[in-house]
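Multiple structures follow.
Next, two complexes with chain A in common: one pairs it with chain B, the other with chain C.
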Partner chain A sequence: MGEIILDVQNQRTAFATGRGLLQAVEGVSFTLERGKTLGVVGESGSGKSVLSRSIMRLLPGTAITGPGSRVLLNGKDLTGMTEHELRRLRGPEVAIVFQDPMTSLNPVLTIGKQIAEVLVFHMGMSKRAARAKSIELLRAVGLPQPDVRVDQYPHQLSGGMRQRVAIAIAIACEPDLLIADEPTTALDVTVQAEILDLLGRMVRERNMAMILITHDMGVVAGRCDDVAVMYAGRIVEKAPVRELFGNTRMPYTAALLASIPRVTDPPHRKLDAIEGRPPDLINPPPGCPFAPRCRFASAECQQQVPALEGQGAHQYACIKPLNTGVAA
Partner chain B sequence: MADISQESGTKSYAATPDDKAAKHAEAIAHFKKRNKFGLYFWIPMVWLLFVLFCAVFAPLFGLPPADEIDWMYIKEGPNEVHWLGTDSLGRDMLSRIIYGGRVSLTVGFAAPFIGVGLGLILGMIAGYYRGWADEIIGIAIDTWLAIPGLVILLLFSVVFGGSLFMVCFSLGLLFIPTAARITRAATLNYAGREFVLAAKALGASDFRILTKEVFPNIIWPLIAFILIDIPIAIVIEGSLSFLGLSVKAPTPSWGGIIAEGREVLSTSPHIAMYPTLVMFLTVLSFNLVGDAIRRRLADVREGAI
Partner chain C sequence: MNAHSGEIDTFLSIDNLTVEYPLGGGKRVYAVTNFTAHVKRGETLGLVGESGCGKSSAARAVMQLPRPTGGKVTLDGQELTGLRGKALQAARRRFQMIFQDPIASLNPRQTIRDIVAAPLEIAGIGTREEQTRRVAEMLDLVGINSEQALERRPHEFSGGQCQRISIARALILEPDLLVCDEAVSALDVSVQAQVLNLLEKLKTELGLTMLFISHDLAVVKHVSDRVAVMYLGKLCELADAETIYRHPVHPYTRTLLSAVPEPDPDADRAVMELIPGELPSPVNPPSGCRFRTRCPYATELCAREVPQEREIAKGHIVACHHPLIN
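Here is the complex of A and B:
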């Protein structure tokens, strides 16, 4: 067992809306060790991004955190911290890379200034030292001509380069935990692999822990140690990546995997889409949230929400799991 | 329908690289031409610099003091001793106009900056924090707008007297509501952007976010607003002097000299005419220069996004 960086216990996040309480994250628990990458997969609205913001305590004012929720970062409980205490952690201990580098960089500041600002604020560097370090960071993230780029504005960079800059800013203060919230969704397919490789390299070189949030099963496959599949605000299956792909238990995970088009498929083959829509999170139906869309669901499934359980590292929330060898 | 057949011969629609380069160069040239500061910018700019120079270095010209009475020349037209003549008390008109320019220009610059400065703070607080802060500031601004500006100026003049600072300050107060609204709208636009969230995720405080992330983005509309307000402030100061609500006599200001000249308009029209002409040219110049700069700013902003 490595050093545990992040320990999330029963995280529950709800939003007060006009129609009632929207339960965006419902009882999520997991731990993450140094040097490991956890992939969080799920479709839109499954609570992935709210989970990441819950960990960072970056939620808007309408959000309500459940009373039993705890987030321990390096053993420190973020739940009860004041805004002032949190500010000291954000950057040096936890950082986030957002989805769209078009919007996550300030358009009117040079990228050098944006990196240097963090260094001056958290590390107490002088402006001159911060600039030198910025160039070094830009070189580390593989930005060509870092000494020229450092004085350029975001609009002078391509999308992939901007995401490299966003990564440079995130790792500037050597955080222990890096959250990458769909870091490649807004990018060109050809650039996606480069950015994911870069993130992986940064995690290895700097010995961080990373949460890689994505809706793309293909992204997590080669680059994560563990994968958590989220549905309707819950983790419905969690396993080491090989185990998850090789021995899928939860029908939802299986459906997600089946919906990926394969290169070997004949042309014009219809995609295996998952029928129906995700449940209403304000008035969720009783029972397993996936039951209404599940091919294997029976009356039992509508009774109560199955708990996340299983032997060892492979856990799933399903009372009729696949691949048990007994029934199917 | 446009005729795009090849028969017209001279023009092929498959653009050659040379064609493309030429088109590109043409577009750039057009852009530059549109952006170039032409005579409409430079002539007024020269005038403004001249007026500014005179106002700043007034004491170095060896002019008679603006309130010195020359009994030999009362209400005289331009002559070799007093280039622009004298007013009804025998004071040198050139000196009065130059020293009056100091007052008018000070008010013209200071009032918009005071107004925009205070409006900026209120607008950023309202736009960033929303909620009750936004509501209170919104109600305060609406209330402020409901009081006629003249009443506010009259009140300040009566209570605090007609010092130059109070004139600038009270006039500046009139610019607050619009400045606050512009700032609030711009702040709203930027406060929800992801880079603000990203800054928060890196541990930035609200003050830091407002000054380092939001402010650089909203500065341009405010600069454009100040450029519009400078000539307006000069004109309002002139009107106030006319009503006797600006700086007290014998301190000259352009509006004040015009007001004094009004009484003898039929016999000595030059007393009202010269300051009017100077004020007219200055306000017109500020407007032309401001327009040119704002157009340029707009282009720069378009280019950046």
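Here is the complex of A and C:
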């Protein structure tokens, strides 16, 4: 076992809405070791982004965290920390890269100032030293002409370059954990490949742990050690990446994989769509949240929510798992 | 000279389509330059490329929204680019469009009945009862329960359902040509599959001709008979779907395909290397081949001469001085 960076225990996050309590994340637990990348995959509303914000403690005031929920970062419990204490950790211990670099960067500050701000605040650097370090970071993330770009504003950069800047800010204080929340969803496919390569390289070189959140199975397939699949606020399957794709146990994961159009398919192949839509999280169905859309579901599935269980590293929340003939 | 000749029974013909947008100070955005493609009746032409390649501008120019700066668009022998006013409005019944954002493209204050009936209203077809009956038929056809939907408003439906409603509206006048501009890009993958299957079903049942625009190469392959790849306003390569995915010969097509993240942990993830740098501006495109500033095979010839479109195999057109033919 490597050094455990992150230990999430029974994370529950709900939001008060006009119609009632919306349970966005429900009982999520996992650990993440240094040097490892965990992919978190799910469709809209599956709770993957709320989970990342729950770990960062970046939730709006309307969010309600469950009483038994704990997030341990390097052994320190973030759950009870004050905003002041959290600000000291964000940057040196945990950092996040968001989907849209145009809204996550400040449009009226040069990118150099935005990187230097972190270095001055957390590392106590002088302005001059911070500027030199900013240029070095911009070079490390592959921004061309870093000594010129450092004085430019976000609007002068392309989407891919802005995301490189956001990554430079995130790694500036050498965090132990990097959360990348849909970091390439707004980017073109060739730029996406470059940014994912960059993130992978940063994690390796700096020996960080990373959570890569995405809706795209193709993104996690090649770039994660383990993958957690979320549905209706829960992790419904978690396994090492090859095991997840090669020996899928949870019917939702299998259905999701089957519904993806692939470049290797012959033209006009009929896709195996999942009928229906994800459940209403204010009034969830009884039992397994996927049961109403699952072709293998029976009355038993609607009795109670299946726990995330399994042998060793491969866990799934299903009482009628697939591939039962195959030894795990 | 014309690599696109040889094709008979063309239903939609796009010839030398050029779209330019004026900027201040005499500058122009060269969004689409001399784009040519011919589509047969009942065929789907996929149009792929990254942001700024001109695929949406080309689609809108086909729709005459707005009219292209140059070139001709001909649908079933009728030249759309020459039509004005009432004649254009009448011709519009034959070509309809669905857009990317399913919720933004429906008026939130109207009922589903009124939204889907709008084309009939504009065309002056039928009494109110006849229109409602027709709307109900269309909703059932796209998998929306008409009894429950007619008097509801868009916010009561999910993104996938709104896109089905958009499809019903686009098809209610029984058009011959359906232009889909990133029609499934905003949808989750499980819902996306439902809508793609629906489009395929409708295309076969109604004999539609489709122009399908998307940045997603896997989605395009699923619905297209032939695929055109664009870069910075120009056609790079055009071939039938199987050929272009299996034997791409334009360096840009190859790069684009190698960058698709396949949902397979053992897939080859090596992306064909481009020359580092950014997409050039369509205000000031490179001389010669527009891809040459990123192309690892570019030579002095590529800077000097615009590569002509040539047919390297039957129906396989490429515009490149150094195509990757083994």
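For this structure, a couple of remarks:
To be clear about the criterion, the second predicted complex is superposed on the first by the 324 of 328 C-alpha atoms of A that agree within 3 Å, B and C clash if a C-alpha of one lies under 4 Å from a C-alpha of the other, contacts with A are read in each partner's own complex, and residues count from 1 in each chain.
Note that contacts are C-beta pairs under 8 Å (C-beta built on N, C-alpha and C of every residue); 3 or more make two chains touch, one makes a residue touch a chain.
Quantities reported herein were computed from a predicted structural model and do not represent experimental measurements.
Residue contacts after overlaying the shared chain place A:V219 against chain C, while chain B stays out of touching range. In the superposition on chain A, contact is made by A:R262 with chain C only, not with chain B. In the superposition on chain A, A:H155 makes contact with chain B only, while chain C stays out of contact range.
Legend: residue contacts after superposition of the two complexes on their common chain; A:R19 is shown touching neither chain B nor chain C.
In the superposed model, A:R128 makes contact with neither chain B nor chain C. In the superposed three-chain model, the partner touching more residues of chain A is C, compared with the other of chain B and chain C. Looking at the shared chain after the overlay, A:L109 reaches chain B, while chain C stays out of its contact range. Shared-chain residue A:G91: touches chain B; no touch with chain C.
Contacts of A:R295 after superposition on the shared chain: neither chain B nor chain C is touched. Residues of chain A touching chain C in their complex: 43-44, 142, 144, 158-161, 188-194, 196-197, 215-219, 221-222, 241-242, 245-246, 255-257, 259-275, 277. On chain B, the positions that touch chain A within their shared complex are 193-195, 197-205, 208, 212-213, 216-217, 304-305.
Looking at the complex, you find that chain A touches chain B at residues 56, 58, 86-92, 95-96, 98, 100, 103-109, 117-118, 121-122, 153, 155, 166, 169-170, 173.
Those residues of chain C that touch chain A in the shared complex are 50-51, 158, 160, 188-194, 196-197, 200, 215-219, 221-225, 241-242, 245, 255-257, 259-267, 269, 271, 274, 276-279.
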